[in-house]
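Below, subunit A partners subunit B and then partners subunit C, in two separate complexes.
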Partner chain A sequence: MLFNSFSYILLFLPAVLIIVAVAKRRGGPIAAQVAILIASIIFYAWFRWTNLVFLAASVLANWYLAKRIAGAKDETRKRWLQAGLIANIAYLCTFKYVNFLLGSLPFMHGHEHLIPDLEFPLGISFFTLTQIMYLVDCYERVVKPSSLFDHATFVSFFPYVISGPLATVKRTRKQFRNFGGTPGAYAPMIARGIYLFSLGLFKKTVCATAFSQIADYGFNNAVHRSSLETFIYSATYCFQLYFDFSGYSDMAIGTADMLGITIPRNFDAPLRSKSIIEYWRRWHVSLSSFITTYLYTPILRSFGKASLPKAMLATFLAMTIAGLWHGPSWNFVIFGVLHGVALALNSAWTKKSPIRLPGWFSWLLTFCFVDIAFIFFRSPTLAAAMQMLHDLFSVHHALSTSNLTAMRANFSWPIFGPPIAVGVATAFFGESSEQMAQEFTPTWKTTILSGAALTVAAVFMNSQISATFIYFKF
Partner chain B sequence: MKTSAWIATTLLLFALGCGLVFGSSYAIDLFGIFHDPSGKRLSVHHNERTAKFFLNERYVPVNFNALLVGGSSTSNFRMDALDFARFYNESLYGSNAVEEKRLVDEALRRGHFRFAVCVINPYLLQSHEFNEGGGIPPRREALGSVNLLREEFYAGMQRLRHSPSSFWPDGGQAMPPSKGRLDTDLEFTFKYDPIALEAFKQTLDELRASGTRIIFLETGVYEPVYQKHRQQFDEFYSIFPLRRADEPLVNFNNPQYATFRNDESLWVDAPHLTDAAAEEESVELNRVIHAEEAELLALPDSQRLKR
Partner chain C sequence: MPDLSPDTVLQDLQPIFQEALNDQQIVVTRVSSAFNTPNWDSLAHIDLIEMVELHFKVKFALGELHEMKNVGDMVDMIIEKKEDD
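Let's turn to the complex of A and B:
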């Protein structure tokens, strides 16, 4: 079930809200939590019920591992953590990278049938990372191990189980008592949730769809692209991904708000960033936080005494791993490497260079770099990405618009033009939707904005256009 | 504003907004789905794939009793030149047999058609994917969707500017003018896509099963291009597996039409005739059918079904 589907908005979500509220009133917090757990199981099984086996196996194994980590001492404790990390990474790799690794072996060429075609369980990248954080936090004694009931509720919580935001046990578990709301504070949370959900729905179904009309054409159909066209195609993909993923995150956070709990924010107007360091503080914030805490810091610690070159190397390694986490493709590895190098250079520049670039130039540089890196993210193959790069820096017909002219025949400016204009304006100049939700007050302005966003989104949802979220495949 | 009032107002605005969109779509009824479309003259305004799908739900079955199933080479054929039935032109730009099947299936759900002129050419059978990633739009799209909004917008603009749509109420559409000299190096693909071929076979079987008399049409190609690929064209048509012996074929690549085909001024590009030439060919199609199939045209439906 997708957040941007009528079945979710008109049936599932209202039903869950009512059932959880009734359960809370009649049976207390435990009954509300039971209702949430059942709803999460139904939500997850909706996509493919066999996936439940993989989720359940992961939940059970990590619940057990956490208990053993908490119960053990010294070296045994460390061994249990190591076993847990290896098991989780192996579990993820089995589904995500087996084909990639075996396919990369020269002697496997032409023997594709030897490679097992493993079904990819939805959300495995996210619920595995969530549980890695949980095991490390148990080891570090940041949290105590959860009961199986709490752990299953935490991992499978339907707003974030498929694509995040990545939540931590420390912040989330203590809120379980709030499922179904707390007296006096619930109505404002529901209102804020509806507001954020409506903004997210608009971003995903209207803005991301509008940008995808141009980006998809550019990446799939255009030939002999000029530099200008290539830049426009990669920029529109950048906007598409931003509105798609941040829209999804808004809907996840909004849904959690409506259920009475707060989960981490994920985007903070990243396309306004003036450096790559700032960009990663604003883009996919929960993943950036994971990379910093659970990858970068341990890597840097393993190098001994910290220094700038070591920090740069740790950044590079952490981002390369993060790139590979996105999927089994050299394109994602290169995406991670590019960002790793850029972050390392950005750190060095900030610490060592006396030169301070003008703000507009820093922004332009950052935006152009992000665009170029996304060419690798979007292109289906490495060869296609290299062709795009070649087109981008081709000087022979830098300003030609023949592809854009050809695209115009099938592109409806009256329908997709306004969302594109709204999208560019809000991404560059407006507040992020999560910020808007933080500052939410119940006024006529917000109610009209929310009602209009929901209505326009409903019209787009009722249309035959791509509905799935880009980040579902990761 | 109280929070509870805000929640209620927002949900109410959402419901009102949806009601307004769906209600106005119902009232405008651009595709003749919600009200009786008998005698109306409805046409595509922008996106022919979606619009024709919806027009085939009621408008085509109610107002027409014959179909032209083809691609862009017949999209500007004049249906009023075919005087033995009321033809609707199902041709789409860049069409293939799978897309055409989608339209015919929709028309056959409610309609009965005496004749179907079915075009056979390499374009229709070389691929099977829905152009524009379309597929079959859900019916609820007619109540309010991006595709509908787009059609309504262009319909409104055409009315405001008093400029008629380039699409006609019988499904045809005007061809853009030629861009200069014809490209004689145009390449064709002569491979049958098995899925497209199967879709075409199913379309023909469904038409036959509903008692529709099928007339095959081989559309002409600009003579120098035709001669360049003649062997491949001949092989393509000679092995065409789906025509039954009793089903007539009108072939505009026959030598008798060579002079017509050789006139560069009649072509927009190698497979597409200008509107005037397409009208001429439509008249000729009508003449040939009258001359060679007069007996069949005179048969009442019941006897045609038996044959």
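Let's turn to the complex of A and C:
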């Protein structure tokens, strides 16, 4: 069940909100938490019920490991943590990389039927990272181990189980005993949740869909692409991914708000960034925060006294791992490496160079770099990405628009033109949806905006296929 | 370290920030963060944390660093840790 489906918006979500409210009123917070857990199980099983086995196995194993970590002392405690980290990474790698690695072995050519067809459990990348944070936090005594009931509710919480934002036990667990607190505090949360959900639905269903019409054509038709066209295609993919993923995140945060649970923010107008360092503070914030804290910091500390070269190396390694986390493909490795190199150079430039670039030029440089890196993220193969790069930097017919002209034959400007204009304008100017939600007060203006966003989104949902979210495949 | 209040901790943090961020003029407040403070990048952050740990004789866990979004969070965590001592 997708957030941007009628079954979720008209059936599942209202039913869950009513059942949780009734459970809270009649049976208290525990009954409400039971309702949330059951809703999360149904939501997760809706995609593929067999996935539940893999989620349940991970939840049970990590619940047990956390108890052992908390109960042990000194070296044994460390051993349990190491066992937990290895188990989680192995679990993730088994589903994400085993098929790829076995398929890459030369002696397996012609014997592909022997490679096990491992089902990729939805959300495994996210719920594994969440539980790695939990084990480390238990080891460092930041949190006490949860009961199985609390741990299962925390990990499987349906707004974020599939694609984040990544939440921590410390901030989230206690909220399952509270559910928005008093009715006076909860009511504004529900209103804000509906508002943010409607903005997110509009971003995903209307804006991302409109940008995808151009980006998909450009990436799938490699014939006679000029530099200008290639840049437009890569930029439209950048917008598509931004509206797809930030729209998803807004809907996840909005849903959690409606249930009285606050989960981390994930985007803050990243396409306005004037450096790559700033970009990663604004894009997929919960993941970049995880990378900084749980990858970069331990790597840098393991090098001894921190210095700029060591920090640059740690950044490079952390981002390469983050790239590989997206999937078993050289494209993702290159995507991570590119960002690792750019972040390292950005750090060195900030520290060592007296030259400060004009704001507009810094923004343009950052935006172009992000677009180029996304070519590797979007292209189905390394060869396709290299062809796209070749087209981007080819001087022949640099400004030709013949490919775009062909694309326009199947592109409806009256339908997709306005969402693209709205998308570009909101990506660069005015308040982001996150800021709008943070400053939200229920007024006629916000009510009309929310209603309009929902109505237009419903029209788009009704008239074309409800596309899945890009980050679901990770 | 007697009399630890949010104000005294913030006062003690000023020279540490000035040294870690290599800016003698900088004055941080509770809402200062890497987002709105020049030179506060990931390397400066590591230096900063080490200097704060040394000065206040505390140790931050990774999970605490993860939750530390601004100077106000840092001040509160330092006080909490000193009270637990």
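Following the convention adopted for this analysis, the second predicted complex is superposed on the first by the 468 of 474 C-alpha atoms of A that agree within 3 Å, B and C clash if a C-alpha of one lies under 4 Å from a C-alpha of the other, contacts with A are read in each partner's own complex, and residues count from 1 in each chain.
What we mean here is this: a residue touches a chain if its C-beta (ideal position, glycine included) is under 8 Å from a C-beta of that chain, and two chains touch if they have at least 3 such contacts.
Because the structure is a prediction, the values reported are computed rather than measured.
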item	value
Touching partner for A:Ala191 - first (subunit B), second (subunit C), both, neither	first
First (subunit B), second (subunit C), both or neither touched by A:Pro298	second
Partner chain(s) touched by A:Asn99 [first = subunit B, second = subunit C, both, neither]	neither
Partner chain(s) touched by A:Thr182 [first = subunit B, second = subunit C, both, neither]	neither
Which of subunit B and subunit C A:Ser400 touches, first, second, both or neither	neither
First, second, both or neither for A:Gln435, with subunit B first and subunit C second	neither
First, second, both or neither for A:Gln387, with subunit B first and subunit C second	neither
Touched partner set for A:Thr455, first subunit B, second subunit C, both or neither	first
Contacts on subunit A seen with subunit B and repeated with subunit C across the two complexes	none
Touching residues on subunit A, where the partner in the complex is subunit B	187-188, 190-191, 194-195, 198, 209, 410, 412, 414-415, 442-444, 446-448, 450-452, 454-456, 458-460, 462-466
Sites on subunit B touched by subunit A in the complex	1-7, 9-14, 16-18, 20-21, 46, 50, 132-135, 137-138, 140-141, 143-147, 149-150, 153-154
Complex interface listing, subunit C residues touching subunit A	34-35, 39, 41-43, 46-47, 50, 61-67
Subunit C-touching residues of subunit A, taken from the complex the two chains share	133, 136-137, 140-143, 168, 170-171, 277, 281, 289-290, 292-294, 296-298, 300-301, 306, 308, 311, 315, 347, 350-351
